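Below are structures written as structure tokens.
In what follows, chain A forms one complex with chain B and a second complex with chain C.
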Partner chain A sequence: MSCTVRIPSPLRSYTAGAATIAADGGTVEEVLASLERRFSGIRFRMIDEQSRIRPHIRLYINTGEVTALSQPVVAGDIVHVICALSGG
Partner chain B sequence: MTATLWIGTRKGAFRLRLDGRRRVCKLSGPQFLGHIVHHVVQDPREPKILLMAAKTGHLGPTVYRSSDRGRTWQEAGQPPAFRKAATGEEPRAVERVFWLTPGHPSERGTWYAGTSPAGLFRSEDGGDRWQPVAGFNDHPMRPKWVTFGTPDGQLVHSVSIDPRDAKHLYIAISIGGVFESTDGGADWAPLNEGCAADFLPDPNAPYGHDPHCVALHPAAPDRLYQQNHCGIYRLDRPGRRWVRIGRAMPQKTGDIGFPIVLHPSDPQTVWVLPMDGRTVWPRTSIDGKPAVYRTTDGGESWRRLDRGLPRSQAWMTVLRQAMCTDGRAQRVGLYFGTTGGEVWAGANGGESWRCIARHLPEIYSVTCA
Partner chain C sequence: MPLSAAELSRYHRHLSLPELGRDGQERLKNARVVVIGAGGLGSPAALYLAAAGVGTLGLVDFDRVELSNLQRQVLFDTAAIGRAKAEAARERLLALNPEISVVAHTLTLDAGNVLDVLRGYDVVLDGTDRLTTRYLVNDACVLLGKPLVSAAIHRFEGHAMTYLPGRGPCYRCLFPEAEEGVVASCAEAGVLGVLPGVLGTIQATEAIKIITGIGEPLVGRLATYDALELRFAEFPFTRRADCAVCGEHPTITAPLRTVASCDTADLSSVHRLTPSALRDRLASDGSRAALVLIDVRDPQEFDTCHLEGARNIPVAELARRVGELPDGCTPVFLCRSGRRSLTACALAIRAGIGAPAHLEGGLLAWAAEVDPTFEVAGG
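Take a look at the complex of A and B:
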């Protein structure tokens, strides 16, 4: 299953500057694992050691917010990684 | 003798190169612009190696490693992380890596990291892969030792290793107290007797204290000094009772602050930088008149050192990792960085001060490499 992941600028140091990446996986977890295999370290910056999405990160499949990493991803989906930050 | 200062800030790391007369040769950086850099530490066993504790506001925490004195950096393959929580357990996640300490000289490649929430981690491969120190992180008393934290969370810091024994460790926790292990971190015990904790219901509690900074003297490792939320202390082992040497500070100055810095070779000489701990705890230089204080007799007496520092309206805050020496045994150079982005250099043991950098972001740490 191939989808597109939109990478926010704070994570593009892992993707050599690429803003979109094609990734495989039938769930969000599998898509993140696919990213991690290619860009070592990127998953831990988004997902903590308890497999929770970090407090200032949001994930969307197309326009729907991801609430569990087990949510399915289908071919053609766009997974958005959003950095939600406030403060100076 | 030249020196390099590594300055960790809220917005990245900077390198300040100084000549033998402590004049600034070059300020370079920022490295990792936009990253919150809590600590940059050189490995005294392999001086080309540096570790940096970093995160950004939105991304998870990590550690970067340089093997060429900070020219290039590689991210840790496995940053500090708690083990997966078992069913019913509180799930813990490292929010920030706050402190880095190189391991014992006999254990090349070993490092310790202190985190928030309170956790201790160890790497045996030069900082690439980190493992939890289960003896502390899963100690059955840990939930009682660490019940609440600072406004920046619980902080494990001041990891010290006895140079005579790699298995003899000390850590400090804000808030929790000082703890000791004599078996390489497998078990821990509180070491807070004599320290005030006037914010606790029981001021004589065995733990729950707030050590701001603890340092073991490298040349006299039975001696520890502590800048605590409630005063300045000295402990001479094998004794277990801290002595409040801050009582000898001028009463109007008090003995509250964050950093405490030891002379590289003389265990009687120590520097502190008092902050205002009155009323609502402004944590600024007292009355807007910054000064460093030095003892040369183990805390029996203190001398104010403020030549060159602003005489008024200078409301500096200096955090616990933001003051260091240059490691010289004679005519020691001192440095501190402020949350207002200034770096100050004190010549000849702090006898005179001058500002050597300004307009930097909020400074969290200053270390000499």
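Take a look at the complex of A and C:
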């Protein structure tokens, strides 16, 4: 199951600057695992040790907020990773 | 207060808009708006609000104008370098529109003064470059019941949202907390100069809409902008029942004195090494053996150039990887400017490392003082 993940600016150092990444997985957890296999360390920037979404991160499938990593992802979905920004 | 003949002429294009008209322009004239941070976001926001005829504009900034500000902070010109930002901005805005009043607040917002400063205004625009101040301002606006238009930028990306008391979620509902240093600042990561122009004008637009009561405010929606792809998007979010400040049982009932990870108590035991002090220690075999250099920048920055023998542990991974620090050595944390390395020190102290060290001024200072051939990424 292939979807697209949009990477926020602060995490693009993990993806060599790429803003969108194709990833596989039937759930958000599987999609993040797919990302982690290619970009080591990126999952930890979004998900903490208790498998919770970090408080400065929000995940959306298309425009619907992700509240559980078990939420299904279907082919063609866009998973958006939103990261708090600090610059002014 | 009615509009004068000069004002009727100045604001003619507004008066021609039936949605705004004379009533809307008088509302703008009677409004008081405060802009937190006279920087990349605050510059275009304040200029447009002044031009639009907002009767009283407040500008809060403790800083002075630097040469590196001028790439994006369009309130200032070269002659303003070294001047207090709030004062220089005041002159610029009054030159643009002498019909308005501008109040310069040259101060650092903190828990002790934020309520007093914001209390005198109708709408708050947050364009600060510090997460701690961002949360401080949000919390103060919730406590005071003030509308807040918040924006933030990073490299080529920007965010904006509006909080209206009683009508929608606040910034903490969006991001309950974020530690300074985990999210890189523009000083460290860089920013496209024109980017805050887009986000700052969105903030000004929102302020005008709130004051005049027109349109649909950006409430319960996070607007995002990617300059490289010229892509706008929006993501809905709702009020959290467990929000610490606007939730059902708030735990924040007064401005927080410390919301950053690197508070003063945490950092009192940090050895702050100047570039020359670090160079001397590295040159001495005995001292060198007692140090381990930990570069806490992102891998991409590390790969561009790093100090010989340095290991890369990005600051966001440090809490998880603190066990990798060798026993019996003093970790010396390094980053581009010295901000992330201070956060790393705070994290290390929390993890039980008694006296970490960091490079004051970061690798930028190292390049300036010790090794001009050292290439610092993201400059």
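Just so we're on the same page, the second predicted complex is superposed on the first by the 84 of 88 C-alpha atoms of A that agree within 3 Å, B and C clash if a C-alpha of one lies under 4 Å from a C-alpha of the other, contacts with A are read in each partner's own complex, and residues count from 1 in each chain.
The definition used in the following text is that a residue touches a chain if its C-beta (ideal position, glycine included) is under 8 Å from a C-beta of that chain, and two chains touch if they have at least 3 such contacts.
Because the structure is a prediction, the values reported are computed rather than measured.
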item	value
Chain B versus chain C as contact partner of A:Y60, first or second or both or neither	second
Contacts of A:H80 with chain B and chain C, given as first, second, both or neither	second
Touch count on chain A, higher of chain B and chain C	C
First, second, both or neither for A:G41, with chain B first and chain C second	both
Which superposed partner A:P10 touches (first chain B, second chain C, both, neither)	both
Touching partner for A:E49 - first (chain B), second (chain C), both, neither	both
Chain A residues contacted in one complex by chain B, in the other by chain C	10, 41, 44-45, 49, 56-57, 83-85, 87
Residues of chain A defined as touching chain B within the complex	10-11, 40-41, 44-52, 54, 56-57, 83-85, 87
Touching residues (chain side chain A, partner chain C) in the complex	8-10, 12-14, 16-17, 19, 41, 44-45, 49, 55-58, 60, 63, 65, 80, 82-88
Contacting residues of chain C [partner chain A, same complex]	37, 39-42, 126-131, 134, 151-159, 174-180, 182-186, 189, 191, 196, 222, 224, 226, 228-229, 233-237, 298-301, 314, 316-317, 320
Residues on chain B engaged by chain A in the complex (per definition of touch)	34, 56-60, 62, 75-77, 79, 81-85, 91-94
